[in-house]
Each structure stands twice: as C-alpha cells, then as structure tokens.
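Each of the next two complexes has subunit A plus one other chain: subunit B in the first, subunit C in the second.
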Partner chain A sequence: MTLNAALFLDHENLVPLIEELGKTLEVVAPVYAEGEPVFATWKGEPLALDADNPLNSPVEFFLPQKEVLFKYVQCSGRYTFQDVPPKSRLILGMRPCDLQAIKVLDEIFGTELPDHPYASKRMSTIIVALNCTSPGERCFCAQMGSGPAAEEGYDLLLTDVGSGYLVESGSPAGMFILRAHSHHFEEALPEHLKEKERLLSLAEEEITNRRPALTPEEIRRAIDETDWGEVEKRCLRCGGCSLVCPVCHCFSVMDRGVPDGERLRCRDSCVMAGFSRMTSGANPRAALGERLRHWYLDKFVYIPEKTGMLGCVGCGRCSSVCLSEIDRWSILREAIE
Partner chain B sequence: MEKIHTTCIYCGCGCGLYIHVEDGRVVGASPSPAHPVARGRLCVKGWLVHDFVHHPDRLKVPLIRRGGRQVRASWEDALSLTAKRLKEIKEESGPNAVAVLTSAKGTNEENYLLMKFARAALKTNNVDHVARLCHAPSVAGLSISLGSGSMTNPIKSLARSDAILVTGSNTTGQHPLVAAHILEAQSRGATLIVADPRKTQIATLADIHLKPKLGSDVAWTNGILNLIIERDLADEDFIRERTEGFEALKESVSKYTPEMVERISGISPEDLEKAAIAFAEAPRAAVVYAMGTTQHSNGTDNVLALANLILATGNVGRMGTGINPLRGHQNVQGACDMGALPTVYTGYQKVEDPAAREKMERAWGTDLPSSPGPTAVEMMEAAEEGLIKGIYISGENPMMSYPDREQVKRALESLEFLAVADIFPTETTALADVVFPVASFAEKDGTFTSTERRVQRVRRAVSPPGEARSEWRVAADLMKRLGVDADYSSAEEVMEEIAKVTPPYGGISYQRLGISGLHWPCPDPSHPGTEILHQESFPIGRARFNPVEHQDLELDPEYPFLLTTGRSLFHFHTGTMTRRVHLLNRERPRATVDINPEDAAALGVRRGQKVVVESREHSLEIEADVTEEVPKGTVFIPFHFQEAPVNLLTVHNLDPKSKIPDFKRTCVRIRRADS
Partner chain C sequence: MNQKSLKKEKRVRSGTLAGKGTDQMLSRYVPLQAEVIDIDVESSNTYLISLRPLDEEDETVRLDYCPGQFLMVSVFGLGECPISIASSPTREPLQICVREAGKITQGIMAARVGDIMGIRGPFGNGFPVDKMKGRNVVITGGGSGFATLRSLINYIADNREDFRDVTVAYGARTPHDLYFTSEYGSWQAAGIEVGITVDMMDASWKGNVGLVTSLLKDINPSPGTAALCGPPMMINAVAKDLVSRGFLEPDIYISLERHMKCGVGKCEHCTVGHYHVCTEGPIFSYDVVGDLL
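== the complex of A and B ==
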C-alpha cells in the first residue's frame, strides 16, 4: 500500500536523515560490533546495511530476550505497581523476513486481547525496512514467501539501487517523515524502479536456486517422515534454534525480589524439557525428538492454522546457530527424498 | 541497546558472545559469528548467560561479622579489617599461617594480583585454586612427559582429526563447543572412540564405545599401547627422533594383553583391538580428556598413560593431533598460568628456583618466600589442625566443591579469620568474617585464558550492583594496606605488568587481543601466538615415556556401589550462577542419583523415590533416577545442588603425585529412604 510515488535518497543523505530523526527517536540500526553486524542503538558509527542480516533479529526490540513487565513495591502490606514505558524508536534496516515475522507476531499478540508490552512497543516504533538485494548464504525467504522484497508492514522501505536508495512509504507515519524531511529526497526516476525490480528478481533467483522449494504439503509429509529419534541423538540441546527464531514467541514469567521487585518475562524455548513438563513431573513431550518435531509442526501447521501465515519466514538463523549443524531445509528435503 | 563483545563465564571452551545492554542493564546475549570457537553458536548456558547478572540475591555491600551476625560495613572498614587481621596472624604465627585461594572464575589480572598479594604482601606461597580439583594431574603428568601441562592443540584442530579418543569427558554435556568440533570431524569421516562407563550423549554417538570399569584407565590404555606396539603400528621415526624411554614402556605394557585388560576393565578384546587400530592407523589422531581421567587417586598415572599413547603414535605437533585436557572453568588455565599455585609464579616459573625468585623480587621490589606452600585440600587439613589461621577466598565455594564437606566446614570454622569475595552468598560466605561483594564477568574488564590457551578479553558491559567492585581493585587495595606498591589504574595496566614478568605472555596486550585473542606462548609483541605446541621440539628437549601400572582398587563388600560425581549440561560448578538462571534451573531443578535399572530393581527402587546413599562416614538422602546412562554397580550424582551436597560423601583420597582428590570413585551403599 504505497501511499505515494517513490522517492530517491542519495547514499550520502541517509546519515543526515537519520541524524535528524534521531533527535526525537532512538535509532536502532545494524552497526558493526567488533567487526560483525548487530542491531544496536546507532550513535553515529558506520552503518552495516551492506552486511548480511545480523544473527540476532531486531524482533528483540518488540519481544526482548528479557524484559521488565512492571515493578512492584510493597508498602505497609499493600502493593503498588510501576509500569515501564516503551521507548520511541526507529528501526533502520529491518529485512523483509523479520518484517514478516512481526506480521505473524502482530496476529498472535496484537489482536483480540492485545498483549500490552508487545503492542505498546509496536505502537511506538517506526520501521524503515531494507529490501534484500544481496541475500545471505543461509536465507530461504523466497521459498517461505517472505522476501527478498517486502510487501507491506513497513513505514518506509529502502531498496539500494546502486546509485542510492529508492524510498517507498507504507504508512501515514512514513509519509509524514518523507514530507517533513523532504529536503533529503529527490523524485525517483523510472530507471530506479526498473533497477529495483531487476535486482530483486535476481536475488529471488539466487535464493531459490540454492534450495529447491518444498510445498506446504511436502513439508507436512517431511515432518511425518523424519526420524526424530535420529535428530534427537545429534541435537546438543543448546536451545539456539528457538531462542534465535524471530517468529518464536514463547515466554516464561517470573517475579524476582521480595518484598519489592520486578516481574520479568524472558524468552522460553519449547525444545527444553522443562517447557512442557508438568508439576507432577509427567511430560507429554518427554523425548527431545518429540519436542523438535513439535517445533516444526508449530511453524508449518499450528501457526498457519491460527494466523493464516507460515510460522517460518526463512531467515535461516536456526540452521546457522545449530550446534549440531542440523540444516532445517535439508532434513526436511532428505525425509521426502 | 548496546552489544558488547565478551567471553562466556562458564566453561573452558571460551566462547565469544555479545552481551545486550539496555539502560545500564543486561537484557540478553547472542553468539558471536566471528569468534573462532563460537562461530555464531553457543551452548544453552551461553545463550542464557545474561540471566543471573542482576539477580536480587547479588551481594551488594561489604559485610563484617559482628557478634555472630554479618552486618553491613563500609569498604574502608572491610578492607582495613582484613588487612589488619591477616597481618596480625602473620606476625603472631608466621606467614605460613595465612593463605589465599583464588578463583578460576576470576580474570587473569585478578588471579595475578591475588597471587602477588599472597607472595609479596603476606610473604607466603600458600596460594592455590580450584585447578587442584580438576587438572592438577594434567599439569603434573604432561609436564613430566611433554614439558607443558596444557592442551597441545587448539579446539579447531579437533575438527581436522581422523581419529579422536575421548575419555573421561562428557564432552557434549560439559564442553559443548568442543563436542561440536569433534562431531564435525566425525561427519567428515573421522572415527570417534569414546571411553566412558556412562552412556553419555557423545558415547551414544561414538563409532566405538568402550565401557571400562571405574578405575581401569591405566589398564586399557596400556592394553591399546601393547596392541599398537605388537602390530608394528607405532611411529618409529617419531619415537627415535623426539622421545626417550620407549624400551621401558614397551617392556611395561607387554603384560597388558587383551585378556588381562578384559579382566580388569571389562572391555572386550574385539573392542580394544578396534580402538587400537583405528587410533594407530589414523594419519592424525587426537586424545581429549577431562575430569573422568584426572579426578582419581591415580589421576596423574591416567594422564601419563594417555601421553604415552600419543607419543608412541607420533601424534604431536601437527594439526589434528595432540593431547587435549579440557578445562572445566572458563579461566582455570589462566589461573594456573598466573601462578595461583603453591609452587610457581606466573608462566610456571618455580618459586624454588633462585633465579626465578630473584627476578620476581626485583620486579616487585620486595623479598619473597622460597618454600612451596601446601595445596588447596592440604590447606583445609592444615586449617583444621590450626596451622593455617587466616584465609582469603576469592569467588570459590569449597563448602560445595571440595571433597569431604564436613571436614571443610570444620576447617573453615576453626579459622581465626576468613574473608570471602563473591558475587552471590554461598555456603562459604556464610562462614566468613568479612564478605566482599565483587563484580561479575559482565561488570569488569580483564582477560580469560580458555582451555586452548587462548587469552581473550572480558569486557565491562554494565556497572556492578550496589557497592560491588572488581576484585582486582580489592586485591590492589589489600596489598597497599600491607605496604606493597599497587597503584593500578586499570586491569589493562595489570596485564602490562603480567606481560613483563611472564615469558609466555610477553607479547600479550589488550590492543592485540581483538575478538580472537592470542594463544600463548606469545613471547613478544610481534609474535603471532602459538596454536600448536611442540611442533619442532619439546620444552624438555625430548619427550619422555613414563611407564605406569594399573592399581587394583580395594572394594568393600559392605559398600558395593562406586559413586562417581560430575556435572549436568544445564548447570555449572556449584550452581551459584546457573541455579539462578530461570530456564536452566527448570531443566534440572533437583539433584538425583542415577542408578542402573538392574541395580534399581534389585534395591526395589523406582524413579522419583528417595534413597539414602551412604559412604563409610556419611550419608545423603536424595531422589533416585533410574537410567541406562550408568552401568551396573556405578551410581552418579552431580555436585551442583546445595540441597544434596554430594561432597559430603567423597573422601580425601589424594593422588600422591598431584594431590587431586578422588571424586570419581567413592565406595557407597544404597537403600530406600523408607526402609
């Protein structure tokens, strides 16, 4: 839902633009931390927009690994509660896969009874997405229908067309930024638009050539046919696959501190035994293999049933952090071959 | 949000990771893709390493015992009282009445300054740390045979091996990132041989799983050597050119026939032969071992036998080969390197060597004691006997980690003065006269040296809670109060001094470390560091074969089970940190004793029932877990849980060569708690 014609932003104008935006918002962007790209608060250092999508997804700014839900203070037997206000942020350089992950999370946390901590962060964050013109080795977004081009869900969308960025707006907030900072932009030329299409279809080809696609039915069959006992034997129980996944959203809640303290919630992982173990000690998914199978079913069956969208956006992070080098795509492929 | 690159606090793999910081608080962690060991991966403890940092239990203010209670005190009072009491004891009863126990969780800089505090300020060599309880036999054994007590090869070298013998190491549980490298080699076609009486995950993945009886390591290793020599599979050129003592070895192992080995260890001749041939025929073979090898009353002999094996097959000095003791704590290698040992200064320079002593005296501008001190466990005995009267303990919890808990308690209680520095209250801080609250790994600068001799940076990401301080400051402040010059403005300045007095660290400086760090020996600022030791020669010239013999363990029919201790994947050491990590504690909330199904049936015990495990002196009530993971006749208890302190049962059965206690073999009996 592009609201107006695309604009063009010279490479050199990006930093002055975000400097201006940074006056009222915290700018989060991929920057280099000891040589590797990570999403962090931008303090004027060189941007890592040309690097691969960072290993840790910017989804952590909506669903942190650990967050304080509220603080509680006890005073003569009565408790009072203090809210933690969200920060106003702008996330620069979010890739289409992560953007799609947010879309799924919006469906899970944002509808019916919205989850306040998630929704409030979501409301106070501007997303400036970046299309993937040079996809990473691990990516299979095209097979999952989430990239390499973003369709919606952004406030602004950048595509690096070589000579600069093609900028499209996707929301009233995005429009507002374009208007308020119009001095940085030029009208985009038709060749910029053509170049965008060309680069993105090249990128898509590159991604699909690397890993032949599987249909949802094939994936379902592959899950049934995988020998999960074998996967269990190899899995080193690091939990990384679910802890790094931008769509995974299970959490655990705990109170820390007596009498005063904080209610925290932290990322949880369904591949851990304690996640499904009940107080009695019984565990409906006692074997690790069953838990790993459940994880796939959630992504490819349960989340789609609930949201109409796949629970995997093809960012490839789970395979790249896997301590046992289990490549998700290949185990599914091998199972049906 | 900021992301700060640092090194994991737990095991010796030394994974690089980012700590995520928001508004001065640690809110997450993620793996470092560029780090050479982590390569963008972590084990579950690493992923969750952020969770204990701001735990409300953290010690935040110094405490002084007044009238039986520990009460809040100022830093000034706590430091002055500690300096005064240690000085008084030293003046009244001599310098050897005081001692310092440093920590393998502390940085190199902290270990160095605490070691200097003991030697230069208190004038005693009574300084030791937890390595005594894990790898003293490696240092003792490998120094005799190869001339250096650490891992000969880097972790990545394992991925290039053609055969790997893993013994006494639950690598998948305790050193997951090392396991990942081993499994990478296996998926490339390497043969994985695992010797472990327990069915650990790595054992189930092995191509050959040897299940030796506890205490038979020397016998089966000698048996493998014997087969290799008999079949002419030994590396004659290597033996001739680079070693000595082979004839004596040949002679001594010749009696370890497959039949004799089977009698002692229970390993079948076929399995023994398969393992011997796979190891000897591999172009590049490596040995990996850990506490299952060392924590025995003949731990040093076990290490010597393995060293004989790699020497006889010429597996030294090349990528993919070597003998690799895995260090349990993140910085146990560093604490040893820093001379937190009763016999040596930094870089293993002997205190008894007048030249080394003079050099340190000159560097520190003071005179130093010449006779080596007692080891950690001996210190506890000396304390109980009243010979040691004052101890400073840094970040250690001997009440949980040392053998024979009752004796440790008596020893610590009989002290005239005990000061303990830690991040959380422990069973040991509870006994202290002064408690210093100190910074956790996320709150201080410094370096750790991982199991592969990689010196790497620990970076301060947030400030310590309350009034807590980095321990290098505490050590420096105490030194100053005892009249030793110690004006360090940063941890980096301490490293500059370390580099000056420590030949293998001579070329190490913070600017050079980056994210990959440097492997010592790194003698000068232009030296690239040494990944693989002994490439051209050994520090002792030729390597030495050391024949060792199997010793029968006396079994007591009254106590028919062998109790062995160890760790779980989800916890670390005495659990002070991991038990406060919500998800880890949920994975493994309680201690259990693992019993083989056959034994359990004979005892009439089911999973979840309480049993009483009794040694000759003590007993422990604990929940039973019935599992094939342990063989018949053996039971296993992890030592992380203060509710079930297994070291109540273990005994002071010390290895005469390295003084390590035998944690891996205690005779016990078991009965149902309701019987």
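== the complex of A and C ==
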C-alpha cells in the first residue's frame, strides 16, 4: 500500500475507525439533536453524514461562540495569567465550503499578528472532510469556487460513492492515520474513483443550475445598486446571519470575575446596532442599511483585497437562518436584474 | 466567479500555520502588567496617569512607541479599552490621559498609586514624525483628542531643531476642560506657537473664544504638515480650512477614534471601509479618510 493511494472504506467500518481515533482525540461530528444535524462532540450516537451540512459550522471549534482567552489570578497586588491549552480534536464530516472558510480565516487569524487561541486549536485538529455529493437547497458553493469537491486543506477526505467511502489523504497526518489503521481499509478500485468524479460533477451541475453565477464585477455593481433602505425594512436585526457564517469572525471581549477571573471572547456581529458605537454614543455605522451593506462589502470586496479569497463560501447558512427569509444571493441578483 | 481565478490575480501569502513563532502568539491577548506610579488631575473628569510597565520579575520594561500610538488598557474584571499614549517617547514615564466615559475608564480612574492595570501594545501606526521633519507643522485638536497630540508636541519640543515653524491650536469646551495647562509655557519656550481657545468662557478667562480655525492665522503651508485629532465635525472644518490655505490633503494627518476590542486587526469593530483603524491607523491622511469622516 503506497501512502498517498486512494483507499476504500466500507460504510460499516467508519464507526470502528473513529472509535479507534477517538481514544486519543476528541471527535467532533455531525449528529442529530432534536432531529436536526449539528456539529457536536461525538459520543457514539448515530452520525448525520447523510443529512444537510449542519447550521453550526465546524469552524466553531476553532473560533467558538464563547471562549476563554486567558485566566487572571491576583496575588498580593500582582497578577498571573494562565493560557487555556487547546484540546486535540478530530473533526469528521467537514464540507468543502467550511474547509474554504478555514483557509480564509487562516489568512486573517494566522499570518500577520497571529491569533493564538485560533492558531493553537487549528494546529491541534485533524480534519476528515466529506465531499458534497448531495448539496443542500441553499448551497451556492460552486458559484463561489469552494465546492462541492474539496481540493486541499484536509488531512483525510471522504467521498460517499454509494457502496462505501473513497478515502484520500491530504497531509502527513492523514497518511499516518491511513497507515496506522490500515486494517479498516481496502484498495480503492478505478470504478470508485470514476464514481466520485461522476457524483461530484452531478452535484456541481445541480448547484449551478439552481442559481446562476455572478461575476465579481456584477456583485460589486449589485452591492452599489441594492436599495439597502428596503433590505433594512425586512431585516429583524437578529445578527443570526453573521453568527452562523463560517467566515464571519467579529468578536467582542469581556471580563468575568474579580479579583480572579477570566477574559472571554464571544462572537459578535457587525449587523448589530452597537457594534461600532463608541462610549461617547457616536456611531460611525448608525443605520442598519449601512451595516448590511458593510457586511456584503466585507465578504465580496474587503476580504478578497486582503486575502485574495472571497469572504463568502456559498454555504447558504445566512439564508437558512434568516427569520425574515432574506435570501442573500437573490438580493444581489435582483439588484442587477 | 471562482476562488482560484481570484487567487491568481492577488498576491497570496502562504497560509500555513505550522512553524510560526508560537511564543509570540502566546502573548497576543495577555497583557503586560503596569503599576500606577502617579496620578495628575487634568480636569474634573480627566486624569493623567503615569505607568511603570513590569516584566515577570517586577522590573521596569521600557516600551518602544511613537507619538500617535495607543495602548489597550485593562482593568481586570471590567475589561479592556483603547487609550492614546499621552507621553512622548523622549520622556519618562509612560503616561495615558483618561477621561471618564464608560465603566472601564471609570475603573481606570478609580486606580490608586501602586495599583496594577494591564496594558497591551503599543498599537497603531503613529504620526509619521520622520515625514514631518524639515517642515512647518500645525497641530490642531479639540477635547480629549488633545492627549495624543501632546505626545507629538513634546516629541517635537525635544527634537525642536528637526522641525521648522510649529503651531499648536487647541480648543476645549470651557476653560476647565483644557488639558496640560502647566505645559504651554514650556512649549512656547521651545519655540512652539501655542494658541488656545474655548467655546464658552467664564469670569476668569481672558483668552480666545471661538473655533480653533480662528487661531490658524500665520501658518505656512509650503512645506507644511498638519496633525489633527478631535471631534469629527471639528476635524472636518479644520482640514477644509487647511486645504483652503494651501495644505495638501496627503500632508494632513488625522487620528481617528473607533470602538476596539482586540487592537490587532481581528475583531473588526474599528473598520472604516476596508481599513482597520487599529493596525492601519489610527493616523490616516485626509486624502484617504476625508470622505469617510
């Protein structure tokens, strides 16, 4: 068996494999909670790999909704600080869109002035990705160039080819897992590889047929031409779109505890009224329409300028979560039609 | 639209995280401790606080900063907020000027000599002092924005021969709201033109009343550089006035105030258009942020 060969994993062998890996790592996987798929710590319950991509992105395990940045302890007037060490994790079932989101976040959180809480979790996590052979209703990853097939950024990549999973490794850690647990795998056959290509091109066709693509110029024009005052009337200001977005990374910082305690950071949203408001009361983006416009500009103009990658990965979560059923993609289409 | 085609057009930094300086990362959000060594009352609601940054052995750490930079200042249990450095790097000690505004500033002002607060930084770009050398400099501010300008004024006073004519024009609401009143004499002694004005006078006031622009009479725009900090309305008026007197927009530097949580360009609270005020600012030239003010 060569290390980078594609292998085949019988459906029935997946759980025994992750049980073995779970002995040394915390396994995060899509499971069912009240019938809905969610990414959560796996405790042996049925996996939700066939369901739609969960509403909570696995990016939450790198940038949690709430986390401790450090703990402070006071002793005779001076403080000592304690870091929170990251857990060693394996994330199973991460989709190509979320993989792309992590690639964007790596640029923002990992390069200039690295963000230690993010980077340390990133470095201690194994990613077992899952190609999207049955895309969800809201998905537009193909239009954003982030799916439905993953190309890089994973340690292992699974593709459900009907009879089992085609497994490919994308890193030395992935190769190591394949070798150390080789008893679960078989050699992949040429028809498995062919089936992978067939299923993924079908999936891509399904996604692109559902929503016509827009060029970067069209998106820019659409942002300029959208009547944000009208969108503002429909928006309920809940901030849900940015809290579920795998690329959104706005956060707030606060302390809890005197004299000893912890400094926390919590996900925040630039759509919220108080996001840019200063103590004086002055608010540079006071109107909701302005904030919604900024949200789009950040994704389609500012993040691409900074990272060379789009700030939207087409996962469709923002539209799924919207209480007012504002479809983010349709807004842009309508503006230029 | 495709990620791959976009990547080709743009310079892409290598995004791998392994092998980066982990030690450096550990300290990003963990502050340095700083002991309060002196507290001066500048006005009824404003204190000038002198700090001694400490290392783990309780020894003094010298902070390397330039005028216009800021610190993230923590009161443990209340939180952290951005505060301009009010001292000049040419002088000890490190000082911050804090006006009572919210719960964190109230916490900072409640500190007594000997107390510990947290500091991170210095952050931001600071004023381009090297570009100002050999030129006439106009420094104009209002309100609490004058704290960051005091750092620049004292820096210039200590390197006076590097600069040509230097004019300070400072406005406050009332005579009681003027900061650093004990230092105007030393600035004048260093050959700096100092003009002070207030919006509302009281019985004791014998100086100017009105807008700061009224103080800018004999200023020479060629070659001229300006440094501004204050309320947006005032900044806009002063910048327009300076342009009308022949100052070039790229030579007018403005210090922006924004809500901030991280200081390192991650939390997104301080964005102005695509700029992060914390890392790409807080000092911007007027041609860059003029229409964003």
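Basically, the second predicted complex is superposed on the first by the 334 of 337 C-alpha atoms of A that agree within 3 Å, B and C clash if a C-alpha of one lies under 4 Å from a C-alpha of the other, contacts with A are read in each partner's own complex, and residues count from 1 in each chain.
Criterion: contacts are C-beta pairs under 8 Å (C-beta built on N, C-alpha and C of every residue); 3 or more make two chains touch, one makes a residue touch a chain.
Quick caveat, the model's predicted, so the values are computed rather than measured.
Taken together in the superposed arrangement on subunit A, subunit B and subunit C fit without clashing. In the superposition on chain A, A:Asp83 makes contact with subunit C only, while subunit B stays out of contact range. By the touch criterion stated above, A:Asp268 is placed in contact with subunit B and with subunit C alike. By the touch criterion defined above, A:Ala119 reaches subunit C but does not reach subunit B. When the two complexes are overlaid on their common chain A, residue A:Gln65 makes contact with subunit B while staying clear of subunit C.
Legend: residue contacts after superposition of the two complexes on their common chain; A:Val15 is shown touching neither subunit B nor subunit C.
Shared-chain residue A:Ser320: touches subunit B; no touch with subunit C. Once chain A of one complex is fitted onto chain A of the other, the partner contacts of A:Lys233 are limited to subunit B, with no touch recorded for subunit C. For subunit A, the partner touching the most residues, choosing from subunit B and subunit C, is C.
An angle of 80 degrees, to the nearest 10, separates subunit B from subunit C at the C-alpha centre of subunit A in the overlay.
In the superposed model, A:Pro259 lies in contact with subunit C only, and not with subunit B. Contacts of A:Leu49 after superposition: neither subunit B nor subunit C is touched. Superposed on chain A, the gap between subunit B and subunit C at their nearest CA atoms measures out to 10 angstrom in whole units. Residues 252, 254, 257-258, 261, 268 of subunit A touch subunit B in one complex and subunit C in the other. For subunit C in complex with subunit A, the touching residues are 1-7, 9-13, 15-18, 20-22, 24-31, 33, 54, 58, 74, 76-81, 101-102, 105, 114-116, 118, 232, 257-259, 261-262, 264-274, 279.
Residues 69-70, 72, 74, 77-79, 81, 83, 100, 103, 106-117, 119-120, 122-123, 143-146, 213-216, 219, 249-255, 257-259, 261, 263, 265, 268, 270, 275-280, 282, 284, 294, 297-298, 301-302, 304-310 of subunit A are the ones that touch subunit C when the two sit in their complex.
Subunit A makes touch with subunit B in their complex at residues 28, 33-36, 38-41, 55-56, 60-61, 64-67, 233-234, 236-240, 243-244, 252, 254, 256-258, 261, 266, 268-269, 272-274, 281, 320-325.
Across the complex, subunit B meets subunit A through its residues 1-5, 18, 20, 22, 27-34, 40-44, 46-48, 50-51, 55-56, 172, 176-177, 179-180, 183-184, 187, 201, 204-205, 514-515, 569, 582-583, 586-587, 589, 608.
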